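So that we are looking at the same thing, I have put the structure below in structure tokens.
The chains carry the letters A, B, C, D, E and F, assigned in the order they are written, with residues numbered from 1 in each.
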Amino acid sequence: MLNYGNLTWTAVEEAAKADPKPRIILPVGSIEQHGPHLPLNTDSIIAEHVAVAVSDKLSSILFPTLSVGFSLEHTGFPGTISFTAQTFSSMIIEIVEHLYVSGFKKIIIINGHGGNRAILDSTITTIKHTHPDIQLYAFTIIDVAKERYNELRKSSQQMIGHADELETSMMLVIRPELVEMGRTLSEKPTFPPNVSLESDDLARVTYAWKTKQVTQSGIIGSPNLATREMGRILLDYVIETISRIVENG
Amino acid sequence: MLNYGNLTWTAVEEAAKADPKPRIILPVGSIEQHGPHLPLNTDSIIAEHVAVAVSDKLSSILFPTLSVGFSLEHTGFPGTISFTAQTFSSMIIEIVEHLYVSGFKKIIIINGHGGNRAILDSTITTIKHTHPDIQLYAFTIIDVAKERYNELRKSSQQMIGHADELETSMMLVIRPELVEMGRTLSEKPTFPPNVSLESDDLARVTYAWKTKQVTQSGIIGSPNLATREMGRILLDYVIETISRIVENG
Amino acid sequence: MLNYGNLTWTAVEEAAKADPKPRIILPVGSIEQHGPHLPLNTDSIIAEHVAVAVSDKLSSILFPTLSVGFSLEHTGFPGTISFTAQTFSSMIIEIVEHLYVSGFKKIIIINGHGGNRAILDSTITTIKHTHPDIQLYAFTIIDVAKERYNELRKSSQQMIGHADELETSMMLVIRPELVEMGRTLSEKPTFPPNVSLESDDLARVTYAWKTKQVTQSGIIGSPNLATREMGRILLDYVIETISRIVENG
Amino acid sequence: MLNYGNLTWTAVEEAAKADPKPRIILPVGSIEQHGPHLPLNTDSIIAEHVAVAVSDKLSSILFPTLSVGFSLEHTGFPGTISFTAQTFSSMIIEIVEHLYVSGFKKIIIINGHGGNRAILDSTITTIKHTHPDIQLYAFTIIDVAKERYNELRKSSQQMIGHADELETSMMLVIRPELVEMGRTLSEKPTFPPNVSLESDDLARVTYAWKTKQVTQSGIIGSPNLATREMGRILLDYVIETISRIVENG
Amino acid sequence: MLNYGNLTWTAVEEAAKADPKPRIILPVGSIEQHGPHLPLNTDSIIAEHVAVAVSDKLSSILFPTLSVGFSLEHTGFPGTISFTAQTFSSMIIEIVEHLYVSGFKKIIIINGHGGNRAILDSTITTIKHTHPDIQLYAFTIIDVAKERYNELRKSSQQMIGHADELETSMMLVIRPELVEMGRTLSEKPTFPPNVSLESDDLARVTYAWKTKQVTQSGIIGSPNLATREMGRILLDYVIETISRIVENG
Amino acid sequence: MLNYGNLTWTAVEEAAKADPKPRIILPVGSIEQHGPHLPLNTDSIIAEHVAVAVSDKLSSILFPTLSVGFSLEHTGFPGTISFTAQTFSSMIIEIVEHLYVSGFKKIIIINGHGGNRAILDSTITTIKHTHPDIQLYAFTIIDVAKERYNELRKSSQQMIGHADELETSMMLVIRPELVEMGRTLSEKPTFPPNVSLESDDLARVTYAWKTKQVTQSGIIGSPNLATREMGRILLDYVIETISRIVENG
């Protein structure tokens, strides 16, 4: 693995001439409330952890983590920072544009925050329209983990969660000193369209929500059920899966 | 059902004072290539058809269909029209803003084009941040139909399709005279990361693609297997499901 | 006449190769208050009606109507929806850009709302600067009709009107069931610079105004004098005139 | 007349407290080709001349002339400078916004360039929407002069002109040393839709055009017929008319 | 010296073909409070005066002064007008872009307002990125004068000033009738980080400030010490220095 | 020192209620060519190092480093990444806006890249205009170090440098393993206006330049003269100076 920021321009020039050219791994996270027990940068920590491991496996180049994302659904809880959709999208476009000019055409975004997914999706479509010869992947960690997580979880199955069993388990592996397990609790809000988190309807509709309106703690789910063991299994699974998909590409 | 455009301003004023206030149903489609057998406005036709039926069921107010969406992934095929992400998002924000000022706080977007989903998702989050007392739903028809479709389809199961068995079946119900069944064929492209359409990996990663690069015809799937019967079942299912979810909300 | 949305991409491809290439007719309207007697989408209905007829006469391709325009002067009356100038202009630019890429270089905008005229004018200048080989026309229906209308009208002559004898007469032809003639009345506001509607000064100055500040009903003019007969004469005249000008072009 | 730029902030403060508050006169011009015989800043010179005189008559405050406008239709001729529509509109909005905050609510724009008219029109509508208590007038000099000009002109009547009998006559009064009468000539282009300049159709349609495509010299009209006498009559008429309309307001 | 606005397009064409091509001198000022004794347009007057003299010395072409700049730090005092950073930057980019297209590649910005400096700096970097063959200089008059001013001034040395000994002295030369010496006074605010104006720390940090918060009069410095003699020396020095640097370029 | 990202939202809430409220330290760097001997993220590394130390000294809260800045002057060398001025400015505005909403009103930006300075300066002025009660400081490390550096340096004095004695010395302290001293060399370009780096004129003019046009290596200066000792002295000085200024504020 090479660290993009630690390279000289001459090293970048060489790398971009290699055959095959190395992939660029771009971790994207968020700074947003993650309940009373997890740090604001939980998504960035997880994204960076996975990105480092994937970069290692694939001998790729790791770009510095973009630590702030699109988190307007978590405002109202102190600490949450968010770019607008337009600023966040422009950031991605401009970074990829310069990588492209430097000679890199395979960019793998590893995203730790579900709320970033939509903007990443529309943004990579926009970039692809301009540069049809680019390869752009956007992995959102929860999407990669979901099937395996649903097999393992102790909490009831649900589509969506935040600061929950999954994220807390992963953090117990990566940065256990930042997890205040004593402050975990379980919140299962009913979402605006009167749909409980267990309902299959959650796959059928998107609705605008704010954690501040549906939770007290900022938690959606049951982080109290988190274990380091599950965290390790899921992180391994996510890292393996991303590496496998990208390697085949 | 009331047709928003056909109301006078005095009728809008009355409607906005009703208890409960009527919901606004906003159909969103696209103008983009749909293979050699379906019209450019397939997504708009389906979205409008569903929106009319839902408006009827829920005694809601139907807003005029936004017929152009975000379709950059289909450029290269003549006829495709697309707004940029920013213009499309601004359109939604500005329409909802004026509806809000007129007194409407429950807005149901019914979207016929998968490529619009991401922008709608981030846009409704942005609006909710400004107006926390608004209720915004975004239904993408393929998401609503998926589970039921997977039970019924004759084509092999896949995450994604375009101008396929699903859309063609629905069009055979709504506008059969616009479907050229004789020109249907089956295309199953392999997507950039070497993932076949049958792979579960399709749920784990988003990648930038262009139909022009992976298909000859613009079709992804097997529209040749479409039937009017399936179209009817799925449209009924979609209309029922959206109405049920919204009604509970 | 061909309906753009109803074409397949292969049909668009063929059309764009024809000699001469068909023109694209793009109707643009508004959703805004039109007094207590006319529907919000009056401008869209009239623009679409004219556009259909012109498309027929000229064997052109009819694009779907853009039903929302720039209507900030009518806010304050419930129901009015407006894009910002920038969003509305971007919509036009992006649609025309994709039509141009698809091979169409003659675009005829048929506009039903006076308030859109200014943005259309500056926008087509911007597009022409980018693509000097494009032909872009913007017809605003009131401008086309004016001379003939002034010969026929029973109301006193005036520069500007809204939901007036002209629009009401046309609607009595196109959608009589949407006209509540019993609610018509006559309002002749004095505009901010103390200029009555009969004054020639109305051709010499533009001033910012809001219907909400100068009318009770939203009407400017005398829709009570409208007749179906005048509507038919004027619609015929508008359709003939646009067709003649475009055909010579 | 007071010159806005020459005031101290304490003088502005006093002026904004006067009863009635003085009006602000804002001249807007352009830097664009004006044929081989008139300078690039013809529109700015004429607008400023009229604005000074109107400010004097009405004891108003004269704002510095905005010398660059929206002139994309004249690019291709060296020397033409143009803002984009968005930049030009933002300039007007931001200037008026600060004038409003300083206490001024009557703003009179005196515009020397026909190509600016459309943007000024939509921009003042936008400002009025934000600040309903503002009074905004936009005078375009050709519109004010037209009727009188048509009575006096030696050239054949036409809707539109550029660097023509009207502008040249006015310049012969204001800055005769900048007029190269020996280089005047007469050009009467046929416009894209095959409409001659004498046709009434010019009032019925707007079409995108570039002077570079329809003229050799950049002239549209007959500046060779210009006289200082007509310039004086028309300038007096324009100044009187604007002053009269504003004074009544 | 040629005055850009006074040229015909044919004269611009010739000038752009000359060898060497003439430079374009672009004066930029501001409309903002300058204490109780100096006019709002002080910066524009000084910038234009210097620009005229430099244009004369270098046989350059003088562009019309941009009289409004970026002055948000002076809002709160009546009369201050400011563009946003984005509008101001776009104005510069668009003007230079059209000059470039007309054939001019050496552009000298002469800026009279310290608050414009930052935007000019980032803007010329942006333009240079697009057009590497352009030569763009941005002189801010206070920067050019500083060393010489510090030798001559009677006021205590300081990094920053506004409506101070320097500007007042220059205005006593250029437009003495606009200087109300009887209203001058001396204000030496302590800036937010408790740094006096004499401190060397002023070169080490930038902090956001508003004159309204740190002064009563809008003055920062000692304009009461201004003399016409110093104004003349400094203006001569500035004009000589700019001309010398540009001439060598 | 607290690490912003590592806090829970409840900890942020408490911190924002403390008296006095802690300051937020925001490090800003760049990813750009730094010659053949220093890594792309040199500016980010130095900014973060200083920010950590200042946060420690002042018991402040350290925000995650923004690792990409505005570096268009270094494009052409592979590896350089740059946001546009608008995106970079929006990022700062949006982060500060959310910090402000969370209760923090003292924000200290520590910037490692000279090319970011201009945008930071205009951006904090914009923010201050919106929130007059905020305290915003922007330190650019070269500005803080300059006087002391000029006393110590072995290279000839110059205004500007890049990947030079200063930056290389600092990197020898912070990340010596990333410095390839064997590849250092000395380049002293003459800048576009024929001004050598030793000239005092460098303080009198800003001109647009690109390192690609004036250097071979990307170096401006003499990094071969760098020493770890000087790096330590200067870093200590910078950290002390920033802390002292902020503490007094």
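Here, contacts are C-beta pairs under 8 Å (C-beta built on N, C-alpha and C of every residue); 3 or more make two chains touch, one makes a residue touch a chain.
What you see is a predicted model, and the numbers here were worked out from it, not measured in a lab.
Asks: Show which chains lie in contact with chain A and also with chain F.
Replies: The shared contacts of chain A and chain F amount to nothing, since no chain touches both.
Asks: To bring chain D onto chain F by a C-alpha fit, how many degrees must it turn, rounded to the nearest 5?
Replies: To bring chain D onto chain F, one rotates by 120 degrees.
Asks: Could you tell me which of E-F, C-D or B-C has an interface matching A-F, in the sense that over half of the contact pairs are shared by residue number?
Replies: Comparing each option in E-F, C-D or B-C with A-F, the repeat is B-C.
Asks: Please work out the Cα centroid separation of chain D and chain E, and write it as a whole number of Å.
Replies: 28
Asks: I'd like the Å distance between the centres of chain C and chain F, where a centre is the mean of that chain's Cα atoms.
Replies: Those two chain centres are 55 Å apart.
Asks: Could you put a whole-Å number on the gap between the CA centroids of chain C and chain E?
Replies: Roughly 48 Å separates the two chain centres.
Asks: If you look at chain D, which of its residues touch at least two other chains?
Replies: Only 75, 84, 86 qualify.
Asks: Quick one: what's the order of chains around the ring if we set off from chain A and go to chain F first?
Replies: From chain A, continuing first to chain F, the chains appear as A, F, E, D, C, B.
Asks: State the interface residues of chain C toward chain B in the complex, per the touch definition above.
Replies: Interface residues on the chain C side: 4-13, 16, 31, 33-41, 44-45, 64, 67-68, 75, 77-84, 86-87, 90-91, 94-95, 98-99, 101-103, 178, 180, 183, 218.
Asks: For chain E, which residues count as touching chain F in their complex?
Replies: Counting only chain E, the residues touching chain F are 70, 72-73, 75, 84-86, 89, 115, 117-129, 132, 134-140, 143-144, 146-147, 192-195, 200-201, 203-210, 212-213, 241-242, 245-246, 248-249.
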